[in-house]
């Protein structure tokens, strides 16, 4: 489904990605881990088209989409759940979802707002556990609820691939458990790509794990293989356990 | 510098809604309607229609539209002083009509504003006579409004030829039975000097450099016609945009072409910028001679450039040093009242007021019959500070003498000294 | 907590005419027939002219509000399209020797739209303050072209003698009939925008204002949508320009100048960006300050400046926005 | 066009470019540091020119004005920023709108002040710089050479302040994360007030230096604002270097526009801007990421 070959990206002198190659099959659930500054967010930004790569190619379901813009990728079934909540604050939860639902129908519709749209939105809200919250403005929801709404909005575009950027960041253990179960319960036809620091979540969700370090892939395999890989332990697991919950890297300016 | 702003601060505020309930729309639109009718509710002074009976004794309402803001504000103030002084000098009465303080409005150098204020004079104030307007574009803009409202209007500055001529389908403007002019037409201050330089001063070749707008282009064409008639030839032309910020590039080009006699039309800041650049690049020393229409070296410019303009030859129908009894009396009266020297704009406004006054004397103050009022104005002629003044019967443009002036330093002050006179100059327009 | 910003999705189709709609209809009728029922007032004709100009500027303010209030694109160069519409209508009626409304008005609207598309291509890719600066600079470009292209636009002399239109025999040359044309156009514009802001397209615009990055991630080509809104706003501004040309029978470069852009920006802000009634109220307030107050005090521009600062500081949602919040709070 | 004429016109272009930089410096500083387009920039420039006129009238010295006027405008900036802009911290667009109101008030008050009023005036350059000197056998105004020298020194000193000094770094950081900066014990309020005051002072300085060339008349504020905007937009937003590059390009280009296309001189300067934006959407050195 996703085929990345020799992807490069540098900001001035700093090389963020130094030849990353990655293949994710359809329906597979891939986790990407690595210390801060390993290039995870840069990779995500390139995959979603918000950043143009300086080298290498990206293929989505066989089609070369290198350098395509965000909305072109979105229309090809690539959805993203952001690390920081990116919602339409004054709009109600139902409207947030409705906007994603009707994205395919296009914006240039000048009639009234169709009635069935509300029903479809409510169904999705129910799916993510926000049954009664349809009429509440997004800004009025709790942090956990906003993450659930974030997921509902991502699912509303009926994606083929879902990129999850640290879905459990800043969540309480109870909220983390609920969101992880939600993600786990997603249809197996949906390909998942997850960036996550919390190793329990990684091992719970991932079929395979890719480990990034200083812009390069240093390991790629099943959770068991990666857990046993000496290089990974020395470079990554050794360091991370010591520094739990380090602040996420800032998007380069 | 933060990256591209994703959400926009403008709309992120509480109580910010973008849909409209029926009630709000109703409240707002009726509020807008009522707010606008505010002025209507206030009763205005004069009765709606003037009675056909003699209007003797009824106050004569004057509406004067002048610039009190933007770039020509100084001219507006000077003309207001002159208008007020004239009324005061006549003890506030023209013939048997008392003349209350005129209604002044600001043309703000914007044709839209000029139109709105003229409409106010017509609908709201219902003035008997309108005077004023400095900028030609505004005079052209209100021409149709004044003509269709049959409002007698004395143009006291704007010199665009079209205002007092017949033009093809009245573009950009054309003469009107109700419009008179007490100032000049650009032809009058540009053509005679062309003919004079060629025939009397032996100028065989001239180069023209003017301000790139309606007035400047007209003056360039009229000068060229005059020079050619006198046997001379214009070797080239150059234009600088109105309100040009840097004259060096243009004056450098002047110095790079051979023709020594330069004719220019600039006024206000452009005239100042041009004369300073002329001086900085030493054109006089290099044998170039500056000629132009009177406004190039009028008081508002001379007080800033002073002796830098020495030697400039210009043509205008007046100069502060013009020695005739009327000019002496006017200059003394003006200086006594405001301790300022009057400028040509003050003279134009003064003569405009005088024309109305003279016409009222003939009519015994009865302005009820517009056509008789117009004929009275057409027959008006008097001794003005500029010399003999009379209206051309069919174009309503003034017939007046033109003076050739040269800037000299007299008593430590740079002044336009009169060196010659061209009598009874009449605009060729029909 | 008062309802904030949510688009209340009303179920399709209009409900039976509630009393509000009847009142709205009467209000609109009163507005359109103003010159006739006020004829016997002393300065009815002057009031008609002032109200006509308020409505022309209200249309312009509504079109800017679509950009400023809904899509969140603050433009300080909106007069460029107002001027373009005015010139196009005037030149069309001159060059094609016709007064037909269905020729000159569309000409004004189309030229303004084309100009909006041209400038929009540059401008919509930027946002916030950079967008503001670009629109200001491009509008000055239109102003200087109008000021210097003497043989097309009449240059600094302006374009005099614009012929008032007629439509299938109805002549709009009389002040009353022209007023009706302006009032009807205002109501039509308000209705169109009222429909648009409640449609999915309107909701999309608001969502782009709220979070353009998210909208792109959902598959919306936000640059194209912003360009469409920019062109639509340009078209309506062109309509206002054409109506202004008919009203004053004159077009000058100042119509596309920075002064007009700032005036209409102040109108939308004082009235209430993001509301439909706001721009109309703002137009009335500013024109009354600029025109009526100006005849009585010399420092009317200072008053306008101070009022504007107060609104930016204290009542950022403008008259209508503040009234709506107070009304909602009063209703509890 | 003889080489001598070409050289003279080039000199005209460079001096006009230097003038544009002096004009735009204040706007660029405030925008680069505070993410605010100070639309009162033209009004501050105009006020500076008229204050200079009064100072020259009373003290008879241009140089006194050159020092006094920036201080006066800086003081005004120290009042305007805390009084109006501070209340809108973080709401950059509202801060821009406030400056529109400030501009409307200042320009109207200048018109109303008796001895300033609306008369057309000029600020005489100091006697030392009033004359002309011969260059390639042609007289050339000394003052225009002074403008070039002044512009270059101003550019160098601002660049030094901007890059190397602690204040420059602090201000740039402040724009991004005022809370974090104040958490480090830096008084951001004072910092932004000083920045705005410096921008206003630079506008005043431009008023003194540019007035002898551009003259004093109503409408000079809009002209100065538009010219500064073009320079900042062309040069690229967010960097002070942008204004230098912008002025260096726009100045000569505008002058040659006046030479080759005089009938469209006004329009030509915008055509340059549009061309630059076509090639580089965020200006020559712009750092604003324009949406892909």
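Labels A, B, C and D are assigned to the chains in the order they are written; within every chain, residues are numbered from 1.
Keep this in mind: contacts are C-beta pairs under 8 Å (C-beta built on N, C-alpha and C of every residue); 3 or more make two chains touch, one makes a residue touch a chain.
Everything numeric in this text was worked out from a predicted model, so none of it was measured.
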Which of the two pairs, B-C or B-D, is linked by more C-beta contacts?
B-C
Centre to centre, using CA atoms, which chain is the farthest one from subunit B?
A
Whole-angstrom distance, CA centroid of subunit B to CA centroid of subunit C, is 34
In whole angstrom, the CA-centroid distance of subunit B from subunit D equals 34
Just give me the whole-number Å value for how far the CA centre of subunit A lies from that of subunit C.
42
Roughly how many whole angstrom separate the Cα centroids of subunit A and subunit B?
71
Going by the touch rule set out above, which residues of subunit C reach two or more other chains?
4-5, 7, 74, 126-128, 147-148, 198, 206, 210-213, 222, 298, 301, 316
Note: subunit A residues in touch with at least two other chains are 50, 69-70, 86, 89-90
Going by the touch rule set out above, which residues of subunit B reach two or more other chains?
1-4, 6, 8-10, 16, 68-69, 212, 241
Using the touch rule from the top, collect the residues of subunit A that touch subunit C in their complex.
48, 50, 69-71, 74-75, 79-80, 82, 86-92, 94-95, 98-100, 102-105, 107-115, 117-118, 135, 137, 140, 153, 157
Which of the residues in subunit D come into contact with subunit B in the complex?
2, 5, 8-9, 12-13, 15-16, 19, 32, 35, 90-94, 111, 117-122, 132, 138-141, 143-144, 172, 175-176, 213-215, 217-219, 223, 227, 237-238, 254-255, 258-259, 262-263, 265-266, 287-291
Mind listing the subunit C positions that touch subunit D in their complex?
74, 76, 122, 125-130, 132-134, 136-138, 140-141, 144-145, 147-148, 212, 222-223, 258, 262, 265-266, 269, 298-299, 301-302, 304-306, 308-309, 312-313, 316
Hey, which residues of subunit C end up touching subunit B in the complex?
2-5, 7-8, 18, 20-21, 23-24, 27-28, 30-31, 34, 38, 41-47, 49-51, 53-55, 58, 68-70, 72-74, 126-128, 147-148, 150, 154-161, 190, 194, 197-198, 202, 206, 209-213, 244, 248-250, 252, 254-255, 259, 273-278, 280-281, 283-285, 288, 291-292, 294-295, 298, 301, 316-317, 320-325, 327-328
Seen from subunit C, its contact residues with subunit A in the complex are 1, 4-7, 9-13, 195-196, 198-201, 203-204, 206-207, 210-211, 213-222, 225, 228
